[in-house]
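Here chain A shows up in two complexes: once beside chain B, once beside chain C.
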Partner chain A sequence: MSKIITIAGVVWLDMVRRKELSVLLILLATLLAALLSFDVFGLSQVTGYVKDMGLLAVWVLSWILAINTAVRQLPQEEQRGTLIPLLAKPVSRLTLILGKWLGAWSITCLSLLCFYLTVWLAVWIKGGTFNLVTLLQAILLHAAALALISSLAVAFSTRLNRDAATVTTYLVTSAAFLLLPRIPAMLVEAKGAASYTLFTLYYLFPHFELFDLRRRLVHDWGSANWVTLAEILFYAMLMTLVFLSLAWLGYRKRRFSRGDIL
Partner chain B sequence: MFLAIDIQNLSVSFPAPTGTVHALRDLTVAVAPGTVYGFLGPNGAGKTTTIQVLLGFQNADQGTARLFGKPVTETIAREKIGYLAENPDTYNFLTGRELLTMAGRLFNLPASEIKTRANQLLEETGLASAADRRIAGYSRGMRQRICMAQALINDPDLLILDEPTGGLDPLGRMDIRRIIAERKKAGKTVFFSSHELSEVELACDRVAILSQGRLIAEGPVHELVAPGENLERYFIKAVTTATPEKRP
Partner chain C sequence: MNSHASAWGAGLLVLSAWILAFSLAAHLTSSPTSSNTASGVADLLLGESRQALSLNLFSEADLYFHKGVAHRDASVPIPGPFHRWQTAITPEQHAHAEGGASAEILPWLKLATQADPHNVEAFLVASFWANTGLQRLDLARDILNTAQRLNPGDYRIPLEKSRLAITSHHFNAARPLLDAALTLHSKTPSTPERVRELTLDQAEILTFLGFLHETKGEIREAITCFNTVLSLFPDRALIKERIDLLEAGKTPTDSAQSLLERITRRTTHDACMDDDDHDHEHEKN
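The block that comes next holds the complex of A and B.
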């Protein structure tokens, strides 16, 4: 475990020293300014709109950050020539994958907390409030969704180059976000091969809609059932493990630096 | 007692656009503990491939490779080794001291030992005054030295060096020679590939010469090189005899 934490620590130092966290500060400032100036049709005092727009922005920004941070970790090691000296130490490829994933996920979670804090601040300035228990549940589930997204990005980056892995992760996660909740309705009319395909996709892709408590927060519906929440967290853990295992399978026999070998 | 390196009948090939490239053919090499072993050959002979196999990056088509009795495919085989790559690159955003601390942690060394070893190595490599500066600001020679220090953080029983003197100035080469001599004095094994045959002649107990993936000569330097000859002449003769197309 200490090796995994050491590798994750290097990911953190990389982000901090390259001043990439300053991007986060810019995003936060933009988010806050946008939310505070939100005044469509004179509805500036309706905090529900601020909550809705703010939480949507948090989901979009954290989605982008999670993918961009996780997807580059392994290809970057190869590109800068640090992979071979790293693997020449008693570090297994699984340890490397877990360390990179943990580093990317933890830094995205920190950003997530900052985003939620900014939205909370904007809502508070506008005179509104959040149910704190529901907010805590929303952050927990959101962090779990980011774990899943990061693992998916790492898995793609083991076999694809950085750009291809980024595009593929965006496509797969977008499809999962937008299409998966509609599949049950589509299944009613689908027949034959189309029906089987939709059915397979429904169970194969991760269900991100399970992690989204935005409506509960916006409309003050109160907190979710804790047992259900625990089940969703377990689902996230399971799916993350599946994607990290796939990443390991894709990486364990991979050859490096073919050009340098001969 | 186990051999430091035990390679038996190793063959490695790669698919290439022009057909299969046989990088190593039936290679057998045995390196006893405490030996300084030179691994020589013209470009494309298979030296780096052999090192890649020893580090577990490259799978063999056939044959076996072991480090201190452990198969190279096992992570634990790398517990006792240090490795310095040709033209080494490292994390430029870390300071020299942070790099050594990170490397020590990856070997599961206790924090107190990491601190002591790091300070000692920074002194030995002449980087003590630059220890807390970022590596991005180091010169090429300083980078080579910090990478060497990183390779030595676990006081390895086997040090693998791939072209360690390539591109270094005479002072840098002298440092590498001194480190190799110190490892030998401490009873450790050093396995290095190099084109600097005068360096090899000075430092090595035994050498192996590879050409087109085959072992064409192996033995103590004084047995291979006739009196009045030098290793460079012997090397050229051996390679051109084994592979006539290499003849100038």
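The block that comes next holds the complex of A and C.
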């Protein structure tokens, strides 16, 4: 476990050096400042649109950050030529994968907290507030979704080069976000092979829509059922384990030669 | 590695510049003197996508009216836990925002009108919510004045203004507005998609005008208006009955003014076009 944490720590140091979080926070703050300066017919204390667009921005920025952080970890070690010395140490490939994933996920979660704090601050400036219990649930589910996205990105990066893995992860996650919730409606018209394909996709792809509590949060519907929340978190944990196992299966027998890397 | 960092930086810089440009454009296009030019440039740059964006923002306003509960399409129930979880975490009860809560609808309508200043429907709905939801007649009038400045040839705007005038008992102000609406209506080209809407609106204008004439004692003009309505919709028994009473020189039981007030009064319930039978929840702030 200590080795996993050490590798995760290296990911954190690399992230601090890159200053990506600062850039994304400035970007989010710029968007929120534009929203706060928007004049809604001179009405004050109208906060729904700030919450809505702010939370959407949080989802988009955290999605980008999770993929870009997780997907570069293993290819970066190969490109820098530090992979072989690392594997020469008593570090198993599973430990390496878990360490890289944990580092990428935990730093994305920290960024997520900063993003939510920034949105909360903007809403507070505008005179609004969030239901704190629902906000906590939203952050928990969001963090679980990021665990899943990070593990998927790591899994792709074990067999593809960095660019291909990035594009594939973006495609798969955006398709899952956009397509999966529509499949029950699409099945009304679908027949034969199309119907079976849709069913397969529905069960195969991760259901990211389950992690999105934005509507409940923005429209003050109150907190979600904790039992359901626990079930969804368990589902996220299982899916993350599946993707990390796939990552390990793809990586454990992979051969590296110094000539290929350097 | 440096090239990737540069790509990140360039991407974020472009995104920041876009957000800054969008917020600047949003402020600049609200200026009356530059609205036409800005609209032209925006049309040139965005074209039809502007209307699509506006419609999207307009549907977001509808979502806010229903407190975030989207209209449900027909779907096939799929076995497994996903549907159960989705139902448990997503609000599905049919609900409406009312009173102060309806102010949350307005930002989306304003954005819709800024995305496409010719989206008259968005202006009308914004005016409706300002008047009915927030009880801000002054704001409703301001919205309609802006709409008229940007869309001077649209009959729906003077019609809505006349409705506001009637509900606030400014009957004298309503009459020229209805005349203007009728003139503009006659110049509106009819398309197969809009033919029913145009006929309904024409009947509405004439009904309002008929009752206004009646309140002034101009019975002959009132009968002419009602007859035109009857020619458009021969099944309207109440109009036929009223014509008969007026032609016979009798005084109808319901006064023209009370009827005018009744048919121009609209509530937030009228805004909900759903015909489903879910439980309704109305939020008031």
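Following the convention adopted for this analysis, the second predicted complex is superposed on the first by the 240 of 262 C-alpha atoms of A that agree within 3 Å, B and C clash if a C-alpha of one lies under 4 Å from a C-alpha of the other, contacts with A are read in each partner's own complex, and residues count from 1 in each chain.
Throughout what follows, contacts are C-beta pairs under 8 Å (C-beta built on N, C-alpha and C of every residue); 3 or more make two chains touch, one makes a residue touch a chain.
Just so it is clear, the model here is predicted, and its values are computed rather than measured.
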item: Of chain C and chain B, partner touching more chain A residues; value: C
item: Which superposed partner A:49 touches (first chain B, second chain C, both, neither); value: second
item: Chain B versus chain C as contact partner of A:18, first or second or both or neither; value: both
item: Touched partner set for A:37, first chain B, second chain C, both or neither; value: second
item: Chain B versus chain C as contact partner of A:203, first or second or both or neither; value: second
item: Touching partner for A:183 - first (chain B), second (chain C), both, neither; value: second
item: Residues of chain A contacting chain B in one complex and chain C in the other; value: 18, 80
item: Complex contacts: residues of chain B adjacent to chain A; value: 14, 21, 23, 44, 46, 48-49, 52, 55-59, 75-76, 78-79, 81, 83, 85-94, 98, 102-103, 105-108, 134, 147, 150, 160
item: Touching residues (chain side chain C, partner chain A) in the complex; value: 1, 4-5, 8-9, 12, 15-16, 19-20, 22-23, 26-27, 30, 64, 67-69, 73-78, 80-86, 88-91, 103-104, 106-108, 110-111, 126, 130, 134, 139, 142-143
item: Contact footprint of chain B on chain A as seen in their complex; value: 2-3, 6-7, 9-10, 13-14, 17-18, 80-82, 84-92, 253, 255-258, 260-262
item: Interface residues, chain A side, partner chain C - complex; value: 18, 20, 23-24, 26-27, 30-31, 34, 37-43, 45-49, 68, 72, 76, 79-80, 181, 183-185, 187-188, 199, 202-203, 207, 209-210, 213, 215-216, 218-219, 221, 224-225, 228-229, 231-232, 235
